[in-house]
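We just call them A, B, C and D in the order they show up, numbering each chain from 1.
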Amino acid sequence: MTHLGVEICGLKLKNPTMLASGVLDETGRSMLEVACAGAGAVVTKSVGAQPRHGHPSPCIVELQDGLLNAMGLPNPGIDIYAAEILEAKMGGVPVIGSIFGGDEREIADLASKMQVTGVDAVELNLSCPHAKGYGAEIGSTPELVESVCKHAKRACSIPVFAKLTPNTSSISSLAQAAERGGADAIVAINTLKGMAISPVAKMPILGNKVGGLSGPAIRPVGVRSVYEIFEAVKIPVIGVGGISCGYDALEYIMAGAVAVQIGTGVWSEGVGVFGKVCREIMQFMDENGYSDISEMVGVAHPARP
Amino acid sequence: MTHLGVEICGLKLKNPTMLASGVLDETGRSMLEVACAGAGAVVTKSVGAQPRHGHPSPCIVELQDGLLNAMGLPNPGIDIYAAEILEAKMGGVPVIGSIFGGDEREIADLASKMQVTGVDAVELNLSCPHAKGYGAEIGSTPELVESVCKHAKRACSIPVFAKLTPNTSSISSLAQAAERGGADAIVAINTLKGMAISPVAKMPILGNKVGGLSGPAIRPVGVRSVYEIFEAVKIPVIGVGGISCGYDALEYIMAGAVAVQIGTGVWSEGVGVFGKVCREIMQFMDENGYSDISEMVGVAHPARP
Amino acid sequence: MFTIAEHTQETPSIKTIRFKETLSATPAQFVMVWVPGVDEFPMSASYTGHGFGITYQILGDGTRALASKEVGDRIGIRGPYGNGFVLHGSRVLVVAGGAGMAALGPFIEEAAAKGAAVDVVIGARTAEEILFEKRSMLAGGRIHISTDDGTKGLKGFATELASSLLDKERYDCMYACGPERMIVGLLKLATEKGIPIQASLERLMKCGIGICDSCALDGKHVCKDGPVFSETDLRAMAELGKTKLDHAGRKVPI
Amino acid sequence: MFTIAEHTQETPSIKTIRFKETLSATPAQFVMVWVPGVDEFPMSASYTGHGFGITYQILGDGTRALASKEVGDRIGIRGPYGNGFVLHGSRVLVVAGGAGMAALGPFIEEAAAKGAAVDVVIGARTAEEILFEKRSMLAGGRIHISTDDGTKGLKGFATELASSLLDKERYDCMYACGPERMIVGLLKLATEKGIPIQASLERLMKCGIGICDSCALDGKHVCKDGPVFSETDLRAMAELGKTKLDHAGRKVPI
């Protein structure tokens, strides 16, 4: 029998799919629905210290093969959001709390508060490409990535995942910095910095002008990132970007991901995407003689050093 | 009457579309065909000092919304290639000679040789993401970009365009470095570093494993890059990435591009893409009361400083 | 971008824009309307197909900016999104509160065209704010009016008018769009009378395509699972009529 | 990836792979065949539709690796690409040199099935290297053989055999695939006799989709404008039979 379960830093997932941060996770109830739909874990919306409205609308542009979004990290702040996490926990799958902040102290503070809410791990959003002062600036400098991870690790005792940006010349350097900082796992990738302009309106469509590109369009960048990171660090890698079917997930797994996250796939496939991806992975395993996901992790590499 | 002509660093183009480097430009005759099909200018394949076979096949992966390629800069070397340029020149449109090299000296040498072939400008490929030792490494370090541009400028008297990579945390810093180095124009963007894996074959599909992502998938990244660069430098910007219709070109133009290049669009639309893009731009100008392309350049910005 | 073909004042606070472009939508489906440089927000299709249109109440910055647009101006339209009203039976009761009539206008026409007998309750603040009375009449609907101030029809709420109609007649289904407390009232009536109801709900909408969670309502998403919900869904909603999410995702009272 | 259903030896140097998967292609259309870890190269569809297949001559590393694949193994197939032979008239002459028969096999079947009288000239190095003789016969073709060493049929080239047939019979069109000097010879014959010709050409192919320019031939692209070209195009090709591009894009003699 094929076995879809995976373990990441002690978190036991019944299957390797997780809900990516920022999608259907403003409310606990929605995360619950996603868990019921078959996700192996859910990552919360990225939460900050204070309530935040996010960017003015339009926040989304639908493209042929992906989305451009500039939500701008709307969130009610960690204190209010705790109640949502409590509700999400009822889904019976690990809940990973995503946080963002402007400096090490803020992030450490959030990590410790996040642990108190009862989440199973903390994900550091070091990579939001369209919120000034948060994420991208911190996330593209290896020294800062290392230091932020260090502070977060010190502030909590649950696993800390570092979510990295592809808007860099070397994502593997960022991953190594996170590893040095003590991160327990790497999540890659967040969105690519992009813009869409309406020629008729003569202006960028997004209220924030710049947004993050996600979906199938970025999958090759995500797969390449995971492939590079897998060779650069020893900690586990979680792959994300453009996954909406089993084959997409397998690309990431064979590139070296122990698990995957799905965001934009929910747009094209609905919350059924988690079940669908799992079924397709299982079918592939059956047909190709694999019995455990772990047998496939990183097999696209000539040899693991 | 609408006027499609543009002038870039003294080069007169009958319309703002150019053939992008690396597509249908290994032979002079093919460039000639592209010129006849309506391109306002053609950029040659990136040429080096010595003949080069390029990467092993597969060199191309067709994606839903773009291409992944790892041609690996195949080229016959500048000396042999000169004959192709001579033939391309018969098209009656400006020919821009693209060159790549491993260090400043090699690039300077190529720039000077390129000028001798009779091209109207030199384009420095500082950005090929999948040829080790060429392009990406040089192209993602502002100091090196500046120095390479300086050397190329000194070695020739025709305009020098610097073609930049989006695989960086700040493409506008690279553009500023190029401007400091004396580049006459910026070309943005080259492909994004990507990978596709075949789960059945358990390996990356491309012979070189890593390749460059192009086509509609990357347009938001290209438009954002041009938008940022337009605000960062005073020299003209040429936009490239995912253009296959008039609206796509207009996004770039309103973001700040004085002209655009088209590569992957030739795959989806054939060489007719140049004429099609021009017709669609003209129709838009007619409907929206523009009479000259220049009236639209950069209008998506609140105000030019 | 869509081009404005007609821009008409329906009531002192409500205007209709008809576009040059064609867009087919089921009644109650909505589009995201982008007023460049200002905002983007959801609006029901008040006219569908050729001569597609929206009918909106001027409330804040976004709709104020929209109101100043002229014929020939272009605004962004994406959609249609969500589900729509489904005709059920041959004798239906339609209840609209204020601008809620925007989504119900095309439904009344569709239902009547399909041969259904349509009773229409239009509730408004005051006589001159009554929307689509003539349009509904022309479609063949039997019109009943209530106003908060009694300047026309029954002085009182649309729910009261609906209640008395439900006492007198037998309907196969009720269709509602308007303030949430009205919908809560109608849901109660529908339960008492044992007839089905379809109600179009409103929540803050940032994406319109089911991913941002800003329109969440007890795990359902108004933009994707709705905006129309039937009695089973409505009854299961603990938040209905009580709380909604604000821009920061905080639950605030309706 | 496609799964190998059958792998058979056609001649000492030529093998055929039939796949489990279905792929429809016009005769002379080709696919890019990826042997994982080795290489990718173009191959004509020698069987199309259900039981799709390719027939290849073992030449270098790529085809050698392909030859070692077994039933059940999977290889990458993308395509079909390019154009194909178009039947023209009711009496046609088909001329194949060596593995060129791979592309012509399905064409002979198609032409015969459509009621055309098909004369088939098969040229090979030696008797045992003759490809698809039985297949062409079964399809209803009249077979004429030439071998370089005279071990079967006429001792000499396929062009000579074609020439003598052209002297005796009147054909509506000629179809050719094989070594380029053979095609050059046939083009000359076609011009002399004033009949049309369709010939499938070969060039180095890196992309197969008309963008890399590696298959360029006088501004035409074998992968996109071809591989089949008609007499007008062929005559305009200054490089035909003379030069081709190598991996570095250098023009080298054929």
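Methods note: a residue touches a chain if its C-beta (ideal position, glycine included) is under 8 Å from a C-beta of that chain, and two chains touch if they have at least 3 such contacts.
The shown structure was predicted, so the numbers you read here are calculated from the model rather than taken from an experiment.
**Student:** With chain A excluded and the rest untouched, write the groups of chains still joined, or say one piece.
**Tutor:** Leave chain A aside; others group as B, D | C.
**Student:** Counting one step for each move to a touching chain, how far apart are chain A and chain D?
**Tutor:** When the steps are counted carefully, the minimum from chain A to chain D is 2.
**Student:** Of the other chains, whose C-alpha centre is the longest way from the centre of chain C?
**Tutor:** So the farthest one, by centre of C-alpha atoms, is D.
**Student:** With centres defined as the mean C-alpha position, give me the chain B-chain D separation in Å.
**Tutor:** Centre-to-centre distance between chain B and chain D: 37 Å.
**Student:** So, what's the distance in Å between the C-alpha centres of chain D and chain C?
**Tutor:** 65
**Student:** Just how far, in Å, is the C-alpha centre of chain C from the one of chain B?
**Tutor:** The separation of the two C-alpha centroids amounts to 50 Å.
**Student:** Going through chain B residue by residue, note those that touch at least 2 other chains and give them in order.
**Tutor:** Answer for chain B, listing residues that touch two or more other chains: 200, 203.
**Student:** If every chain is a node and every touching pair an edge, decide which shape results: line, ring, star, complete or other.
**Tutor:** Here the contact pattern is a line, an open path with two ends.
**Student:** Which chains touch which?
**Tutor:** A-B, A-C, B-D
**Student:** Using the touch definition from the top, list the residues of chain A that touch chain B in their complex.
**Tutor:** 63-66, 68, 136, 140, 165, 167-169, 192-197, 199-200, 202-204, 209-211, 213, 216-218, 220-221, 223-224, 227, 247, 250-251, 254-255, 284, 288, 299-300
**Student:** Considering only the defined contacts, which chain D positions touch chain B in the complex?
**Tutor:** 1, 32, 34, 36-37, 39-41, 74, 76, 78, 206-214, 216, 218-219, 221, 224, 245, 247-250
**Student:** Which bits of chain B are touching chain D when the two form their complex?
**Tutor:** 22-27, 29-30, 32-33, 45, 51-54, 56-60, 62, 67, 69, 71, 74-77, 80-81, 198, 200-201, 203, 205, 207, 263-264, 266-267, 270
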